[in-house]
Amino acid sequence: MAKIRVTVWGENIHEHTHKAVKKVYPKGMHTCIADGLNEATDIKAITATLQQPEHGLTEKVLANTDVLTWWGHMGHHLVEDVIVSRVQRRVLEGMGLIVLHSGHYSKIFKRMMGTTCSLCWREAAEKERIWVCNPTHPITKGIDRFIEIPHTEMYGEPFGIPVPEEQIFITWFEGGEVFRSGNVWKRGNGKIFYFEPGHETFPIYFQKEIKLVLKNAVRYVCQQSIWKDGCPMITAEQTREKIGKK
Amino acid sequence: MAKIRVTVWGENIHEHTHKAVKKVYPKGMHTCIADGLNEATDIKAITATLQQPEHGLTEKVLANTDVLTWWGHMGHHLVEDVIVSRVQRRVLEGMGLIVLHSGHYSKIFKRMMGTTCSLCWREAAEKERIWVCNPTHPITKGIDRFIEIPHTEMYGEPFGIPVPEEQIFITWFEGGEVFRSGNVWKRGNGKIFYFEPGHETFPIYFQKEIKLVLKNAVRYVCQQSIWKDGCPMITAEQTREKIGKK
Amino acid sequence: MAKIRVTVWGENIHEHTHKAVKKVYPKGMHTCIADGLNEATDIKAITATLQQPEHGLTEKVLANTDVLTWWGHMGHHLVEDVIVSRVQRRVLEGMGLIVLHSGHYSKIFKRMMGTTCSLCWREAAEKERIWVCNPTHPITKGIDRFIEIPHTEMYGEPFGIPVPEEQIFITWFEGGEVFRSGNVWKRGNGKIFYFEPGHETFPIYFQKEIKLVLKNAVRYVCQQSIWKDGCPMITAEQTREKIGKK
Amino acid sequence: MAKIRVTVWGENIHEHTHKAVKKVYPKGMHTCIADGLNEATDIKAITATLQQPEHGLTEKVLANTDVLTWWGHMGHHLVEDVIVSRVQRRVLEGMGLIVLHSGHYSKIFKRMMGTTCSLCWREAAEKERIWVCNPTHPITKGIDRFIEIPHTEMYGEPFGIPVPEEQIFITWFEGGEVFRSGNVWKRGNGKIFYFEPGHETFPIYFQKEIKLVLKNAVRYVCQQSIWKDGCPMITAEQTREKIGKK
């Protein structure tokens, strides 16, 4: 069986400008995420970054991508609108999209949601506990009742999103907040999964359970079919019923 | 303008069998809830209890009820199925239903949801913080970012419900759990609001913000119209298009 | 790979009491449906009927069923409540459920939906055209823009169901009505698909496209996991955060 | 009580370039729609058009608009992106949005939905019958089982939208198609209603039932509150729980 082709997109800025991030992710967050996915025998993950021509997301790359993961933060505004539109079109055709952490404010996520995607936040290296709301969902396979992350940034409600079609995870934060941290929507033929963990200064993408959720999610949002969009005029020949004379 | 007619249903057992409950709610939880609602000039709340004939929910009472609130716990099994069916029929016609706390396991809530409605729980008098997910929803009017309840029972995820159509509140618990504590669904013409606070040994229904949410919720689930259910056969006369000879 | 184990439940009354039905389905509708499913190499379908002990739905049969299909009409009231509860529990655990045609008024469908499930209807042997709303959904795989059924019973809106989580098909009727004819919901861990075609006096379950949709639907509602329901008390040992003294 | 302030936006091109349209709507479609709304004593509708400075949708106009209705067709590409963003922001704050007919392809509707919003179509002056799916919904108040429009353009499934949160109407077309013709979504604090009727060459906005639906819809999508969006950092002072030393 063919492997699921994943493109792991990384903004790839913090890793070069913040020592703390470089220390945690010396090869870049995108490489770490791709390495985690490539542990699975049914997944083949490659990477693409902001700095590459067309941000690494050429028509050809996207045509050969079943699932795209997106991590961005300080460079959201540097992503060209034409590339965002190209990604959106592919999602609507059926490419899966996994949006990570600060990607909540990426152009592509806001484009798919239509909403502000805002939240509240705090950096205090606090503990996070991610609760499973949907115990037998394919995305939670192999996860027990919760995942604990020892140190992370807090993201809190209200989260400015359309009501999720599937509520997979909700997070408890040490400082007293909660957050809808794993949410699924379908847009066109594409499935979208937002997953909150992943602050750049902590080794969250090295954590075993997080890597497992990402593998599960890749399998879940991967579609086998493509919607050929159009706005066809139905001709007299295609019309199934006789229309009375007007 | 006519007042909204609310019937506050109470199981009314703990108040007579548990000293601690009697002390907190000497007139019964149902009376306390009704008193809170009656603070509003646009609401007229009465009470009904398990012990009354037909559990106080006669055809006449329900016909004159715009919104029914439900608190039950140890006596769920004592509620007659015929009364549950009667309440369900009225909800589907358009009566609002507010299910409180341990009412998650009531016959009527399970009937409306079709699911297990299970959860996990702990009694440790811990703190609860109820976060607003939907800041301008009519149910959260007048509530700031959250409500704190100093001592309560914990209800935790996974909550065995259909995915809520509106996510109003999510709760943080001191012991480390989270819970979807304010959820809206529509069933038939009736709106249903589940609201988690309300453990019997704490004076939660006396708390100002809880009383405010209940008033808001009564207004939100109150409908003005009735769905006259039926399964009509469409006669030749009612058929709008000519059907070819068969 | 193990085959998907389907139990095709049939009321099996019309076939014995109505000559027209017996003529179309001499071996029973359930056998016809099962035969269609068994054309697929990944499906193993057996049948069960109302007249068998426990309606053929013993604990053992259900424990070995991945997907249950349900066709009933004049005998809905003859199905024992205890069996309905057993089926419901299995659906909530993860067994798929496909409800066919007049099964809209079955005890199990009303139990899962919580609503009236009513509609309007007409028997005039009219034409039905089932439109695909979700062109790349797994259930519509291999179906072009629509399916036409030359002669059928009309089922019309309003259909008294909760809002579908996925809208797969909508039907056009010759006499002028429309109907949400393919709808998906999730309840607990079980996926439910309602599919409208299938009036007993027409050979609809012999039609190629209908058989294809049923195969697709079996694969779609089949789950691999089981939700072990419970309402566990969380002990001090299981509590993740220290709770302040009270 | 203050009136609901509606701004009826019209593209206002066909009325000047197509004689047939000018004949049906000599004062413009927008004026006709506004006149219909102004029949209600609780609504005050004004108009705005593409040709005005800022398309008539200045910050001030939008700040004083409770509900915006949108009809556009051949000039979608002429609407400035900055105005689209301004309208979107106001919808997310709580302004209601009613998108009409060919507005399905407007920038603002595609922006709010995140999807292609495509459909299939035919101009054959055929009959349309709009069925009520939600009989006691505020939008269908005063409408019986259906509305008939004698001559219209056909819009058919698949309609490239996110699954509607409320299914109000589904349409039957003489030529054999169906369409989800009345759909509600919530985005941010704004309610959005898409309503399919309204082809420019027919006097559809003069039709009594269509005017009634539009009045009902204005009342339904009108919100009383505003979501002040932000992405606040939670300070130590605002943090409700003590976070352990890191």
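Structure notes:
All chains are identified by letter, namely A, B, C and D, in their written order; residue positions are counted from 1 within each chain.
Here, contacts are C-beta pairs under 8 Å (C-beta built on N, C-alpha and C of every residue); 3 or more make two chains touch, one makes a residue touch a chain.
Here the structure is a predicted model, which means the values were calculated and not measured.
Shared contact partners of subunit A and subunit D, listed by label, are B, C.
Two copies of one sequence, subunit A and subunit B, touch each other mainly through matching residues, since over half of the numbers at the interface are common to both. Each chain gets one centre point, the mean of its Cα atoms, and the points for subunit B and subunit C are 30 Å apart. Each chain gets a centre from the mean of its Cα atoms; for subunit C and subunit D, those two points are 36 Å apart.
Residue positions of subunit A touching 2 or more other chains, listed in rising order: 129, 135, 156, 163, 165-166, 176-177, 186, 227, 240.
Those residues of subunit D that touch subunit C in the shared complex are 129, 131-135, 156-159, 163-167, 170-173, 176-178, 180. Across the interface of their complex, subunit A is touched by residues 88, 92, 105, 111-116, 118-122, 124-127, 151, 154, 156, 160, 162-163, 165, 174-177, 185-188, 227, 229-236, 239-241, 243-244, 246 of subunit D. Note for the complex: subunit D touches subunit B at residues 94, 129, 135-136, 138, 141, 146, 148, 165-166, 186, 189, 223-227, 240.
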